[in-house]
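First subunit A sits with subunit B, and in the next complex the same chain sits with subunit C.
Take a look at the complex of A and B:
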């Protein structure tokens, strides 16, 4: 039966994904994330639990990574190069292309900026990626003779996938992070009615009722507009890929509609990389973008130009998208330092910031920052945080369950206490069992295995001739004899079985004596009993 | 607008109740079972007095929830307890729920307060108070009004009445005085210290009887004083009357709201006073809008009144216009933020909006 273990580590935080699934004797690791809130070894999952019984490569059949966010792949190089794993690592093509960039970025902050030592090196990232096998959507990949996997579109970010893991007739679907509503540059997650024995779904946002996207966007545009109208400058630190494109499309459309003249700039690093990857992976974006891409290049904007570092000193309003996203180094930090002292300016953080970065500090309210060389930077510019991340809420989770029709559901990332209501909701609506294990806990799911049996044609013909045809929804009872020989199972008619086994048919007749006291004549009583039985 | 947030509930609600800790409660009213009662934590933008900008947390969180087999038409928290009471068709019995403790987020039904029923399919209107003990005032008709102690289920008071008019609302004016509003418009006062005296309609200028009426009483921050707060009544044709309970023989004010006709019935009629803005009230239930009025300029002429603000969001929102336009089922004012309201509609939308005083700088 599938058994699922949420890899232990510090605490029960939402911070990191790493799940071990044991299915029909195969062991698969789902995601290998790093906890973004810790600065020490607690950020990595604790693999000693598995390694104490031998080498990881022998124990694990494969590792699957759902998408490039660091809380899903951040510990991969540590795991494969420092702990030691040489087996296959599966992920989608975009994930394979983007992961190393983010890992390297993160490595730079941790090692170069913060001077940590127990961390993976650039070479390790490269060596790790050599073990990666990229997969396409809906492509069945044979990991070995018995284990096969298949990726499904998950929305959320470019390249994110949900994976189905199948061994014989037992299967598990792992969702990673997914989103059931399409946005400007990505479609919604989709899966077919694969009826897995277990669906492992993230549930971080399960108890959330989200503000409508239109309102968030409206407020974002309002803030940008207000700042630009009063002559201020807006800095939006972004990662090279992901939300940046979404926001660009949003601003471009708004600028066009409102006929605005203030310049919008895109960091050069961004333009090249982003466009390059998006063009490569155009099939991964949503339908609308693909269509417009054919007419004109969606990522070549009319109002958005490439940035030159000299522009930061230009007077007047402007909007700049610059990397990296947490203001921890590079161009975005440089621009920030130039603009921070003016209260007319604004910085909008579009995503989560790791502790220790400037982004995190200013979001926590710090307004006096210590920079290199003991210089104090006073932050007078407005600091805003706008989260556009796309996760499934309760409604989305229900939709996915409805699509896949699993027999059991397991929710990760939520707090067990606060999920009782959702658990009941799922159990009531779909009549399935719902599990919510804590970190370090193993859940065992019982499955009903399907045993394939050959049925003789004669028997099949005979059974279908009697009564109505069998209906998929209402199983029909049939009679036969099951012959188990060597490793084969066959269902034949009793007569055939007897013949094959060389046995003679015996008939057993049961009689029993019943005394009836009745004043009537003998033949009258017999007639009455007969009629009664007949009726 | 100063601010507008739109949300989508999985199922529409016809009630929005405030609970302590600034929680908000909504519940489903679908005919089939599987209705959910949800206690929500509003986003931080609503919890603070000052409206922030792009707040990191803009979402409602489901704090706890329960499952109800019958549609929930009315819900009231029992003050100073962790209980709430609901009512809904097919009869006028009440369900008592325990809002959970630390170890679970499920709202459990702990008991039922059964009432003797007539044959009609009516549901009880409810009000709660915890003056001497946790009490619930309930009844679907004038002759079935009673107060039951929530925990012990003991009957504390039963109203005596000649009439059997259907009720559209009831309220505790203070721990001894009840105000009842009949669907045909009559208002009745009752003193629970005198259970034998008949509950009768107060004499007031007649209002058209063919319409359905509902009432709104003002709950100030300091509790309600019988004398000072006018009672508002709203009719299904848009007529608004303000009455001073000390002098019911004449209307304090009479006005007409511009509402579409023919109306959509009186199912979701709702009128409420602003708790933090003197003289302002809001009405809804006619279409997909909520109207806000300043009653201080009203007189008794019955003229048409101009709303200070009209929230139209529910009529425009939503995924794809298929068929009927949504109808606003309920609205309520924020208890501290003077111009913030919450409204819900029949398409499951839930809006939180903050309107700007029109005669300002814009």
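Take a look at the complex of A and C:
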């Protein structure tokens, strides 16, 4: 019973996540992401790869989306409405709520602003979401008679979940993106000791062991503060939901404590809505926020105001949160172009940037950027990278493996070199096989499932009853007859098996002639033999 | 399989189930109807209550006049109100492994159980159940603790004395078991033992039993429970509703194929239609306010109040009530309103869709924003400044014995312009009003109980087809006041098994099978044999391992090599004890083939004789006689062991071993 696994999307690359798992005859697609670095066909996973010619609905038993980031769900409407899939799609409630909004936002940027065609429409997003079934944390969802899935808290963004996929006694856990340390607005990922045959883990920060959160926060506040003090402007490119809220809470409390006056703006559009989602799904945030929300809702900000396009040209210091987070389009890129020339200003990249984006270019040290229309943009502003994106680091990944105790580990969503390092570490510490397939590669993992059988209570009780009690740990040999009829297996006592099959027992007896020479009288001899046997 | 019944109240159940090797408590409801025998606790000194005359026995003796007071022909205990606990003596409650809670009304006795019985187990409940349950307990503790009462009456509880009292005190049961309210530290300690669960989450108990909460449609986070092993399934249905109000709809399909279905928490007012009652509520409210009177709604701080506010939200503008203030007064009013908005996942589809927009699921958010609904922790403080009449006040407790409602009863009771509208079904409204008589205020009874009625129950039972139904005795006969209504009882086949307080039931099913796992290497070694078309069998000799109530069969270890050195003495420890195995045999021996086989193995002088029942085979040289019959073989030979073994093996070739 091998569990076969294909990685059409997320192999050794932090581009788009899309993984296909076949487990005991069931096919499940994990995430359906798009690549932010591409603007052509390579943006979406190649779904023809999955079935060759057949219909996706016939081939796939279900699709699972781990969280609302577009590199995990961005291709969903394309997949379900344009390629064609009518089966169930599972995600958590917050993901189901937020995902269509991000998709619509993304569609607007691509179609309305860039004028691209051959893209999904608003209606397609709506139709796609109709196929979504929302799941609770820890709820066991019976997809069909044999296939069941279960969500665990992942802590990466609001509503992010890890999923266990189980068929019979074989199981796979897919982590999606997760975070093992609680932050200012979310809790830490958690899973029970479910001992899956395979754990598919993201490995974005495979080699990083990040310094303490507190240090990073202090660093971040110091940099923002210094820039504002010398009259500079700070640009923080973010995605509307997720890191943005954490950093807002951080700056809000800092501004209050230091009594700072410089304005903080949040680029309009999703902001207010986003904070609303956090308020309504507060049960998904961390313990502290949940406990105090009646008195004070952390997502009602006093110092942070909505941004207007005109503000970018205002003189004097300011801090602006702008979307999107990788500087590849939209408002954050516009502001960046305006402010890049001034060395007093600063851009802080709080998360990972995909190759090909402006964010990635400036982070890798590039200071002269070729923009649209062959224009060269010289970057004089300071560029800072602060890893606030909530992925587990090497320590966290190891911690999760310790929690779940998988028999095999498969790393995805990372860079090959870093994954290799982590793979060795995992194999050394846990003595389990670790795989790291490339895009489009198939990995087969052999599992060794045991066979569940019904045992008659009478036989079980008979077997556990005999044997001396004091030495209960000593293994005992038991005998029974396994009856196999259709697909049912029953272990019963031999007597019962005979009876059920309507067979009679066959008696086998032996009689032996024994010659005894004894000088005594006959009846004395008989008596002696009798007494001997009796004894 | 036993069920211990610790509560006689059908909607506030407390049962203990012994299922396989586990002891599971199902709900721990607190019967608060006992408080109706007590005088109300006024927030501010009430001249009327303090002037009530002491009760005098028929013979003129006055020794009880400090403890008992008389009001309009009823006698009340002048003491801190007390509650009727579940039975604690029927079984040792420290042996309870887990407690399953079905909804926030059914957990009010939890601190008494977890803090006073030596309970060391875990409590399972959903997040809304715990959060709202905490609010209910907080309100209860708060409203009793903030009115300290100097005296604690106990003389009347003496059995000899109680006999002399008028009804209903005379007939009150188990008064010696009545207890005062718990404290906040006890509530916190009890709640800290709860583990949160989600609908359809499978929870393993000791590897032997699996429990699963299912949506029951009655309240936020309310659940029914499935308790099952691989072969037995008990469904516990408690407080369920098929009406569409705010909670997620009831999950009925998962209740199918139960061996036993325990049915509790049906509607307490089977003759009232909740929708009709809501309409009556609104029209009575509007009429009173239009006439310049005030409306008092005694209620719990969560539950039906959300639905009432939603109805009023749609109703007030059309009824011209936009300028009438609505006050919600409870120490937990704000928390309750806030919490109701954050449980999107536990709400009905319509409300969920609103959250996706994102908008608050309940319209009371808008009522608060537009200042139409105001909430206060108590009548003291801000409320006294804002208070405008005529108005509508929602406040607790529905028993009218404690909480801010006592104040409003005293304040508004004298005027016939005012109306008190009873919506909560837990207390008889006449009993609740007794210590306030004589009253001028209008009283309207609109009980809203959305739980299952008997028509819905019989439909449900037809659909899920349990083998046996177990229910409180009250459900097996018509209500005492309507004895002709035979439709107001459970009707199913076989008839339900009923229970009453302090009874032990033996549940009617027998286990026959258990799950066991065969390890893959053992499975590989098995040799299946097709006995009949479609039926194969294999004999299994394996080592049985049992751990955490899970059974596994493994390949027996190879016979031990003789120990290399004498130092490894205990090598035999790993070898299972081998009792001599004598397999059962079956089949019959075909004569001709048997003879051929004998000849092949060197017996040249085989002679066969027919008998009545079979054949006799003679081997002359070996001086051996073999009697073959249909179901037996008898070999008579010399004392020659190699010969015997040889013959045995030849015979066995033709038989099947079991």
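Note that in this section the second predicted complex is superposed on the first by the 278 of 535 C-alpha atoms of A that agree within 3 Å, B and C clash if a C-alpha of one lies under 4 Å from a C-alpha of the other, contacts with A are read in each partner's own complex, and residues count from 1 in each chain.
What we mean here is this: a contact is a pair of C-beta atoms (placed from the backbone, for glycine too) under 8 Å apart; a residue touches a chain by one contact, two chains touch by 3 or more.
Note that the structure is predicted; figures quoted are calculated from it, not measured.
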item: Partner chain in contact with A:216 - subunit B first, subunit C second, else both or neither; value: first
item: Partner chain(s) touched by A:425 [first = subunit B, second = subunit C, both, neither]; value: first
item: Touched partner set for A:503, first subunit B, second subunit C, both or neither; value: second
item: Which superposed partner A:140 touches (first subunit B, second subunit C, both, neither); value: second
item: Contacts of A:481 with subunit B and subunit C, given as first, second, both or neither; value: second
item: Dominant toucher of subunit A (residue count), subunit B or subunit C; value: C
item: Contacts of A:491 with subunit B and subunit C, given as first, second, both or neither; value: second
item: Touched partner set for A:387, first subunit B, second subunit C, both or neither; value: first
item: First (subunit B), second (subunit C), both or neither touched by A:344; value: neither
item: Touching both subunit C and subunit B, counted on subunit A across the two superposed complexes; value: none
item: In the complex with subunit C, residue positions of subunit A that touch it; value: 93, 96-97, 134, 136-141, 150, 169, 273, 276-277, 279-283, 293-294, 448-458, 460, 463-464, 466-467, 474-486, 490-491, 494-495, 497-498, 501, 503-515
item: Of all residues in subunit A, those that touch subunit B in their complex; value: 207-212, 214-216, 218-220, 223, 348, 363, 382, 384-387, 394-395, 398, 417-421, 424-425, 428-429
item: Subunit A partner contacts - residues on subunit B that touch it in the complex; value: 4-10, 34, 36, 40, 43, 53-56, 58-67, 102-107, 317, 350
item: Touch list for subunit C against partner subunit A, complex; value: 127, 197-202, 212, 230-231, 334-335, 338-339, 341-345, 352, 355-356, 358-361, 511-520, 523, 526, 528, 531-532, 534-546, 551-554, 556, 573-574, 576-579, 581, 583-588, 623, 630-639, 644, 648, 651-652, 655, 658
